[in-house]
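The following blocks contain the structures, represented as C-alpha cells.
In the two assemblies presented below, chain A is common to both, partnered first by chain B and then by chain C.
Showing the complex of A and B:
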C-alpha cells in the first residue's frame, strides 16, 4: 500500500510541476471535434433526424449523447493506457528501470499507484470534455449512481488489464508509439465507442470480444445511453477479461523486464 | 539545380534510414488510416441513412459513394499530415545536435525544407494512395470528365502539399516546442478542411479557417474531379486558389527561413531544446 501511495504522490508531484499540456489538449481536441462532427452532421446532413437502424442497434435515438459518452469513454481509455501502460517504458527511457527492478517494491502496487493517479487525472479531463459537450446540448442521464460507479469501475479494470499487457510489449520492443496507436485505432473500431458494434461484420464483432474494453463499453452504454441499466452479464465478462489480462500481464512481467534489461546492455 | 538535386537525394536517404528502417512503419502508413476510415464510415452511417438525405446530400444516399467521399478525405489527410509529422521530426535533429550542423553546411535552406517534405510525402503516402486507387476501382465510383483529370488531381494534391510541407518545416525547424504545433494541426486540420464532413455542413467561421488550409482546396478538386465528373473549367476557381496559396506558402517559407536563421545566429538557440 505504501508503494502505491508513494507512486501516486510522486506522479501528482511531477505532473503538477510539468503537466503535459500537449497530451491533454490533443485528446481533448479529439473528443470535442468528435462531438462537433456529430453535432454538425446531425444538423446539416441528417436534418436533425436519426436513422431507424441506429435506434434499433443503439437502443436510443439520442445520437449526440451516444457520441459524447463514447468520446468521453475513449478519452478515459486512451489517457488511462498512456499513463499506466507507459509507466515502465518511461522508467526505461529515463534510465531508472534498473533501480526500480532491484528496489524491494512490488510491481502490482507500483502500477496500482500509477492507475490511481491516471484515473484521478482523467476524471478531471473527462469532466472538462463533458463541460464542452454540454455546450452542444448533451445531458448525462445515468440509470443510477451505483450503476454509474460500477460501470466506470468495470472500464477502469479493463484499462488496467490492457495496460499491464501493453507495458510488457512496450519494454520488450523498446517502442511505444506504434504499439499504443495501433491499440487506440483498433479499439476505436472494435469496441463501439462512436457507433453500435452491430454495424460491424460478424468477424470484427468477435474480434472485439477479445478486448476487455468492449464488454465494459456495453455496460457503460446500458447505464449512460441505453437506459436499460447495469447489465450484470456483460459486467462479469468485462471483469473476467480485465482480471485475465491483468494476470497475464503480471505473469509475463519478470520475463519482459529481463528481456528489456538484456537489450539495454 | 544539380545542387538542389543532391540535397534532395541526401534528405530522402536520411529520412528513409531514420524513419523507414522498420517494417512496423506499415502500421502508420496503411493500417491506422484504414482503421480510421472504417470507424468514420460507421460513425456517419446513421446520419446518411435518414429520410430526405438525397435532397440534402445526394452523394451520401449511396453507401459506396459515401465511403469513397471519406476515402478521398483520408487520402488527402494522409498527404498533408505526413508533412506535419516530417516537420515535427526536425525536433529530433535539435535533440541529437545535428540541427546546428545542418545550418553550418552549404546546403540551400529552401532546398532542404522542400526536399524534407517531398521525401516524407512520397514515402508516407504511396501505400495508402495505392490502396485508395484499388478501392475506388473496386467500388466503381470514379466518374472523370477526361483522363487528363487524373494528372490534375495528382498535381492538386502534390504541389500544395509540398508548399505546405516547406512552410511547416521552415517554422518548426526553429521551434523548441514542435509537439504543441503538431497537436494543434492534427484534429483542427481534419475538422476545418472537410475531411469527414462536406464543407456545406460547417459553419461560416470554420469554413473561413479551412479556406487558408491548402488541404481544403485539394479535397475540393479531388472530389469534384473524381466523384462528380467536373472538368478543368468547373474547377478553375479552386485550382487558381490552390496555385496562389502554394505560392504564398513558399514565399512565407523563404521569409521564415531567413528570419529564423538570422535570429538563431544572434541567440545560438539551435542547440537548445
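Showing the complex of A and C:
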C-alpha cells in the first residue's frame, strides 16, 4: 500500500500548492449555492409546497434534504472521477506518463491513492454542504450507521469502477473534457441525484441501469432520504456493476497505456 | 543482456522499426544512432515496455517484457532528454521519494540514495525547491536522478544530455561510464556524436528502422570510408606541381586556394609532402582532419537514402 499512500500524499502536496486557498473557497461557495438555490427555487417556483406526486416518488417531503443528499452524492461522484479517472491523462499532460509506466508499481494502488484523496477532500465539501443545509433546517437522518457506511461504500466502488474505465477512454482519446463532461451530464440526468428517476421516460430509466452509480444512488436514497433503509438488492447491483467496471477498466489498462504512448510517436 | 531478434514495430501503415537485431550486454555502453525518424526512440520505448513490438522478440536479462513486464520494469529504467518525467509542483527530493515508492524501495535504502543522487546531479542545494522553479537543465538533471533511483541493471538513455550545460553533461558521461564499469548494461542514443564516440564500445546505426551498420566507432568509420584528410597549402602551385600531386594517388584532389587534399585509409602525409616539395612546391600550411563518427553516420544515412530512392 506504499504506492497508494505515496500517491495520496503527492495529491495533497500538489493540491495545496496549486490551489492554496481558492480550492477551499470554491468548496464553501458550492455548498452555499447548492442549498441556497434549492431553497430559492422551492420558494419561487413551488411557493414552498411539495406536491404529493413528488412525496410519493421521492419517499420524502423534505425537498432541501433530498437536494442536499443528491448534491453531496453528485459531488462525491464528480470529484472521484475528476481525481481518479483523470489521473493518467494528467500524467500524460505533465510528461510523466512514461516515467510512471516504466516503474513496476501496479495501477490499482496508484488509483486507490487518488480515490482516497478525492473522497477525503469531498468529505470536507460534504460537511460544508450539510452545515449550510442545517441552517435551512435540514437534518441528516440515516436509517443506521451500518446502512450509511455500506451505502457510501457502494457509491465509492461504483465511482471507482467508472473512473477505471474513463481513465482508459481519456488517455486513448488524448482528451478529457468530452469524456468527463458527457458522463457528468448523463449521470445527472439518469441517476437520480436531483429528482426521482420515476419522472424519467422508461427507456432513460433502463439506460440509467447501465451506470453503476444509479443503483448506488437508490441505496443512498433509501438510507438517507427515503427512510426505507438499506436495499440489499440494489446494493448488490451497485457492487456487481462497480466490480465489473473495475475489472473491465484494469484489464484494458495496459492496452490503453500502450495506445496512449503510441500516439506520441 | 538485452537482446532483440527481428524486432518490428508498425504504426498503422508506417513501419518504424524493421527487423532489428540488437545485443546490449551488461558492463558496456552500447550506442544506437541514426537520423531523426530512424526508429531509435521507438526501439528504446519497446525495450522499456512502453510500447509492444508488432513482431520479433525482446529479452531483458532473460525476461520477456510482453509476458513479464513488471519483472522487467524492476530491472530497467529510462531517461529521456526530450521529456520532463518529473512532477513540476513537487520538490526535487519529493519527486525522488515518490518514484522510490513506485519502485517499492525500503526507506532505509531510499533515504541515503536520494541524498547520493541529488549530490551526483548537483542538485543538493535545490532539493527542497519545487521543480517548476528549476531551469531546464536542473529539471533534466533531476530526471537523470529519477532514472537511477532503482539502481537499474539496464539503463536506457534517450538523448540524456539534451539541454544540459557542458560541465553537467561531462559529469553525466562520467556517471554513465561508471555505471558500465559497475556491470550495468547501458543503451545510449544521442545527437552529440562525440559523446557516443567517447562512451560507446559498440554502436548500431539504423535508418528508417532498418539496420545499417554495427561496430566500434573506429570500425564504423573504416566501414564507411571515412579516413583522415590531409590538406596541404602550396603557396606556388603550378601545373607541374599539380601534375606531380595528382600522379601521387588517384584520391588526391585540388581545392581552391592552392590546396592539395588527400583522403586515404593510410597515413600518406609524409610521402605526399615530399612529392610536392621535390616537384618545387613551397608549403604554406599543413592540416590533418581526423574522421569523425558524424561523417560515418552521414555516409551511412546517405547510402540508405540512395537505396530507398
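Heads up, the rule we're going with is that the second predicted complex is superposed on the first by the 250 of 265 C-alpha atoms of A that agree within 3 Å, B and C clash if a C-alpha of one lies under 4 Å from a C-alpha of the other, contacts with A are read in each partner's own complex, and residues count from 1 in each chain.
Note that in this section a residue touches a chain if its C-beta (ideal position, glycine included) is under 8 Å from a C-beta of that chain, and two chains touch if they have at least 3 such contacts.
Keep in mind the model is a prediction, meaning the values are calculated, not measured.
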Touching partner for A:186 - first (chain B), second (chain C), both, neither: first
Chain B versus chain C as contact partner of A:29, first or second or both or neither: first
Superposed model, chain A: greater residue contact from chain B or chain C: B
Touched partner set for A:203, first chain B, second chain C, both or neither: neither
Contacts of A:18 with chain B and chain C, given as first, second, both or neither: second
First, second, both or neither for A:101, with chain B first and chain C second: second
First, second, both or neither for A:124, with chain B first and chain C second: neither
Residues of chain B defined as touching chain A within the complex: 24-25, 27-28, 31-32, 35-36, 38-39, 42-53, 56-57, 60, 177, 179-180, 182-184, 186-188, 190-191, 196-198, 200-203
In the complex, chain C residues that touch chain A: 11, 16, 41-42, 45, 48-52, 69-71, 73-74, 76-78, 80, 83-90, 94, 97-99, 101-104, 130, 143, 146, 150
Of chain A, residues touching chain B in the complex: 21-22, 25-26, 29-30, 33, 36-38, 40-47, 49-51, 53-54, 58, 63, 67, 175, 178, 181-182, 185-186, 188-189, 194-195, 199-200
Residues on chain A engaged by chain C in the complex (per definition of touch): 2-3, 5-7, 10, 13-14, 17-18, 94-96, 98-106, 110, 254, 258, 261-262, 265
